[in-house]
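To start, the structure under review is shown below, and the notes come after it.
As written, the chains take the letters A, B, C, D and E, and residue 1 is the first residue of each chain.
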Amino acid sequence: MMLQITVRHRFAGFTLDVDVSAPPGVTVLFGPSGSGKSTLINAVAGLLRPDAGRIVVGDRVLLDTAARRALPPHRRRIGYVFQDARLFPHLSVRANLLYGRWFAPRGAQGARVEHVIEMLGIGHLLARRPGALSGGEKARVALGRALLAAPRLILADEPLAALDEARKAEILPYFERLRDDVSVPILYVSHSSAEVARLATTVVALQGGRVAALGPPEAVLGEVAATGARGIASVLRVRVAAHHADGLSELDTGAGALHLPRVAAAPGTVLRVRIAAQEVILSPAPPEGLSALSVLRGTIAEIAPGRGPAARVVLAVGDQRLIARVTQRSVAALGLAPGQTCHAIVKSVAIAPEDVGQQAPR
Amino acid sequence: MMLQITVRHRFAGFTLDVDVSAPPGVTVLFGPSGSGKSTLINAVAGLLRPDAGRIVVGDRVLLDTAARRALPPHRRRIGYVFQDARLFPHLSVRANLLYGRWFAPRGAQGARVEHVIEMLGIGHLLARRPGALSGGEKARVALGRALLAAPRLILADEPLAALDEARKAEILPYFERLRDDVSVPILYVSHSSAEVARLATTVVALQGGRVAALGPPEAVLGEVAATGARGIASVLRVRVAAHHADGLSELDTGAGALHLPRVAAAPGTVLRVRIAAQEVILSPAPPEGLSALSVLRGTIAEIAPGRGPAARVVLAVGDQRLIARVTQRSVAALGLAPGQTCHAIVKSVAIAPEDVGQQAPR
Amino acid sequence: ADPVVVFAAAALSGALDRVAEAWRAETGHRVVTSYAGSSALARQIRAGAPADVFVSASVEWMDAVAASGDLRAGTRRDLLATDLVLIAHGADAAPVTIDADLDLPGLLAGGRLSMSLVDAVPSGIYGRQALQSLGLWDAVAPSVAQSDNVRTALAFVARGEARLGIVYASDAVAEDRVSVLGTFPAGSHAPIVFPAALTAEAGSPAAEDFLAFLGSDAAWEIWAQAGFRRLP
Amino acid sequence: MIGADWLGPAEWEAVRLSLRVAFWATLASLPLGVLTAYALARWAFPGKTLLNGLVHLPLILPPVVTGYLLLIALGRRGPVGQVLEAWFGIVLAFRWTGAAVAAAVMAFPLMVRVIRLAIEAVDPKLEAAAATLGASRAWVFATITLPLIAPGIVAGAILAFAKAIGEFGATITFVSNIPGQTQTVPSAIHAALQVPGGEDAAARLVIVAIVIAVGALALSELVARRVARRVAGA
Amino acid sequence: MIGADWLGPAEWEAVRLSLRVAFWATLASLPLGVLTAYALARWAFPGKTLLNGLVHLPLILPPVVTGYLLLIALGRRGPVGQVLEAWFGIVLAFRWTGAAVAAAVMAFPLMVRVIRLAIEAVDPKLEAAAATLGASRAWVFATITLPLIAPGIVAGAILAFAKAIGEFGATITFVSNIPGQTQTVPSAIHAALQVPGGEDAAARLVIVAIVIAVGALALSELVARRVARRVAGA
């Protein structure tokens, strides 16, 4: 299900002008406040009729201004999680959740209601009206309502922003499953680079209404421009090698093992792991006597000093790239140079559950 | 300005029952969605009349149900940043921002308008109406509106949730200055433990309408129960020792130096630094040849295995406590035991700007 | 000088305007006329309305105003009379004789008999009296459609919504979509008179003069044209 | 206490008739009222100003004129009246149904204005949300707009009902006053006031009218409060 | 084309008078209308049902009754009328001001109903937000509630204006039908209809009434659209 979005639209003082083409999976829109993310999503939903544009999801043409075609919103089969929830105030939480069901084609296979309710932890709210919900509860119901509409395209505008970490950690795997098992294309707005790395098949970094960077997260998250220095991360493909008795899982990177708290995947499964560049420690000699269990061996491919005191060091580990962000002082002190062999130390517990995701099928 | 809040209120299916007493500064309300944070704040604002309660800010009694006293909201002199923005739709952004000004007593010293507008990056929006703003823009205007009301108490309900990292990093220091220079008491709801550690003078962890933990962030953030395992962190008091030419600042902990990207504080200033427990690497021997520049030397005070494969190791460094979260396998492999000398390795670049804050005056 | 204010029953409008015009041509005095139902006008005069002359379509309402002391004593007189006629839709209906033998239901043929309110509006009250005294009322009562004034009653017949109607002769003359079938015998109902008087408030000699003019021969040219009769 | 003989049988008949007329006038015009209000609030079409003016006409014109125009159009000899009678066998002239039509026409501008205001107050974002979930325009209207404007519909209906209870001028001009068929309470009051000394009878009927209308108002307030609470979503 | 002599001087006078009456009736009753609507929408007080019933009364009663009651109360010999005249030198009876009072009373229920509905649609959360920023109840009303209900006020005012233009029964009963003083357009139409062959004059006046009202409507739509756009915040 390819996603092809070409949209040009002018507001007074703001112009959205994007041309995005993304493979199946989760396409994450990333970018500062006011960069046009919601505007773009509204165009896909059909709530904004752009000045010009063409939007194609898989083989369905949702909009083609040149051909004067525009599918009305209710025929687009989308599940839109609005940035501002927009629950129906006169309906109970249950009726809100089931609203989209009424209109889904008979036999459309959507999420199981009980399952979604349980995942979102909103079982005790079903009889209430939205007016009596907390902010985060509203956000969860809004998410449930969109998921239960049996959509063929999910639009999620910062669906998890109002939630606490624990709740986020429960919901994120659901999106992964949607992406991998159900293969519903998802357009997802997020400010969190952890969410981006975990979910994104493709990242679209917007800036002032234009695409600043576009590509798989491995590429885009390594770009300072797209993410800000602190968001830089690498995404490694790893294979589950073994689950150990002490609760750690061993993941093979092809250039050393990562030891992570138990990962819920059978040995042999290919996963992807986001490793924040700032959390990687480099050591020219094989390190010893440290509490960190995961050491990858590689070759320095590139050293790029940043504008501040830090430098970006790219290590070739096996056939993959691992990015480390270290101080320029350390680069000098350790005499790091391209071509040199180097070890990357990664703390096992520093990789958050939300940093480990199923490998999206390409 | 002590903050004393005793509130009991029943909704169908939810009871808020808290008794909080907090010193001047920022009191952060922390807790999962639906735990009663907004309800508590609404009671302080006077928008919810609780079944019973007493609320005192400094020497002002805002509510005392026993004495049948309740200051009406407009006489409480608060600046409330609502979770849902609540901008006035018929007023321009400028009029929204200045709304509270009209009612502030003459000569009340509040924030400078241009300054707040610049900090929030909303200068180009002043003539617009709220209907034409993006989600994050709305959130920023709502924040500005509250700050400009010259309040004597700020209530901020997840004011930064809708913003990107870069924008957050620009706004957070403003709250610090409010806390330290202007000494306006602030009640602040947040889901981000980085924000908590940076801003909080006191943390109130709510759970199901009750106080689960209460105390300074050093204490509460070390509790698994209050924050979830991944939120555990230590907060160290450090003194700025020197600023080096390569852009790093040297911070003295009393048990070794931290090297951080330039900190905007004069040498001699006492700061506080949040160090996430999961980012600390332990090494019995003094580590060498690593890219990490900050090594603290201490004595193991306590080792507490967690429920998963991780363990919490508390190090006494000088007269402070540093918490590390490492795997139990590493504890065994390195033969760590209480009383033993140990080195803690902290990456300089892993400490985010939002993790460094001014030390709140006590 | 202030104009003379005349409160007059709506049935007199048109003709009274022409009389007032004639008076003005003669004396230079202006007349202002407020037309409404006699009941409303009478109540207003009793509430202190600035009227100089009251011309009522109903003897009872004139009595009521007299009883409350709002008339200038000795000025009341019966000004005009008119007859009650039976009318039919169309310009060329055949005349009938109105007496106790009249087959009114037959003439109605299932249609409606249009009258003014038979308990409230003078023409309706007179009409019912007449039908009752002729013994025709009970047979047609269910077919009577009552209007709140005689002009509407006339309009129902003129538009053909009602087959027959009972109105004043003075109303029937001006409408050419109806034809007069016959006149009710004078004895079948109380005399139809329009009394006039000065109000207690009336101060100006002009008002007295106008009241007098209403009964003058010059005025009677106009009244007669409009279908009114001098009192016997 | 006040017995049933406090009012004469003709007066009771008038009360019954007024209730029936007002009830049906309100109920039957409600769908058209909602539709018209929706069209005026949401659609742009040529002749919109005209429609708006037309709807307000009965408010602007003296009731007699409206009644007269109804007579011309809907009377047995009127163009529309003839069609109604020939095709559907519906006769309005001199029937209580005609009185209901007159009352409905007179009350229509009030109903439409109120409902239109309610429609304009509905947040279009909620309707947009429903559309993204698959609801067509008709479904959005039925499941979102309509429930949200329910307080407005109740308010419009009660206003129309009150107006219909009080309507007199157009009714008597259109369908005259036939006791038991078209003599409503206001006609009876009007008639009573025409005769000297009729004030007592009129006062009795006025009290009846007030009782009816205040009852309807109180009921509507109850309904409206429930409905409003539902809609507020608390 | 149609010249100024299309209408006679008395008719022009009626048009002028109607405009003046409707304008002042609407303008002068607006503050009380807003206050009453606010009280009914937001306050709980004993006698609320009574007030609500009282406000609706002119709608429920035949206009003649309302006019008669006004005459009894506000006439020169009425208790209130005497007080007004003795203390303030205000005479309403048989003056255009009385016509304005009658029109205002008749239009009042419409105005209040519409404005009340608008007030009930205001999100109390916005008012609460204003209160936290230091605005007292009066200020909240002036700066938040009032602007937000502006579309409702415009709608209520136009409805009242239209009603005032068309009011007839109460006016003629209260202040009579004196050309140049209390004869409004509807009174003139009514008078014209009483004259045999007066339909032409009536039709001309009807057209004038329609033109006035449609003009007012069109104007109000313009204003309302602007106001609504402001309030919608886009």
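Assume a residue touches a chain if its C-beta (ideal position, glycine included) is under 8 Å from a C-beta of that chain, and two chains touch if they have at least 3 such contacts.
As the structure is a prediction and not an experimental result, all values here were calculated from the model.
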Those chains which touch subunit C and also touch subunit A: D
Contact-graph distance - origin subunit B, target subunit C: 2
Maximum centroid distance from subunit B, chain identifier (CA atoms): C
Top chain pair, ranked by how many C-beta pairs fall in contact: A-B
CA centroid of subunit A to CA centroid of subunit B, Å: 26
Interchain centroid distance [CA atoms averaged], subunit D/subunit E, Å: 20
Chain centre separation in whole Å, for subunit D relative to subunit A (CA means): 57
Subunit E: positions in contact with at least two other chains: 64, 68, 193
Two or more partner chains touched - positions in subunit C: none
Junction residues of subunit B - those touching two or more other chains: 84, 132
Touch relationships between chains, expressed as pairs: A-B, A-D, B-E, C-D, C-E, D-E
Partner subunit C, residues of subunit D touching it in the complex: 64, 68, 71-72, 75-77, 93-94, 172-173, 175-178, 187, 190-198
For the subunit B and subunit A complex, residues of the former touching the latter: 11, 13, 31-34, 37-39, 83-84, 124, 132, 134-137, 139-140, 157-158, 161-167, 191, 193, 228, 230-231, 244, 246-248, 259, 261-262, 278-279, 281-285, 287, 289-293, 308-310, 324-331, 334, 336, 345, 347-350, 352
Subunit D contact footprint on subunit C (complex, rising order): 37, 39, 42, 60-61, 63-64, 112, 114, 117, 119-121, 144-148, 152, 155-156, 159-161
Sites on subunit E touched by subunit D in the complex: 49, 52-53, 56-57, 59-65, 68, 109-110, 113-114, 116-118, 120-121, 151-152, 155, 159, 162-163, 165-166, 168-169, 186, 189-190, 193, 202, 206, 209-210, 212-214, 217-218, 221, 228
Subunit E-touching residues of subunit C, taken from the complex the two chains share: 5, 7, 10-11, 13-14, 17, 32-36, 40-41, 43-44, 46-50, 149, 151, 171, 173-175
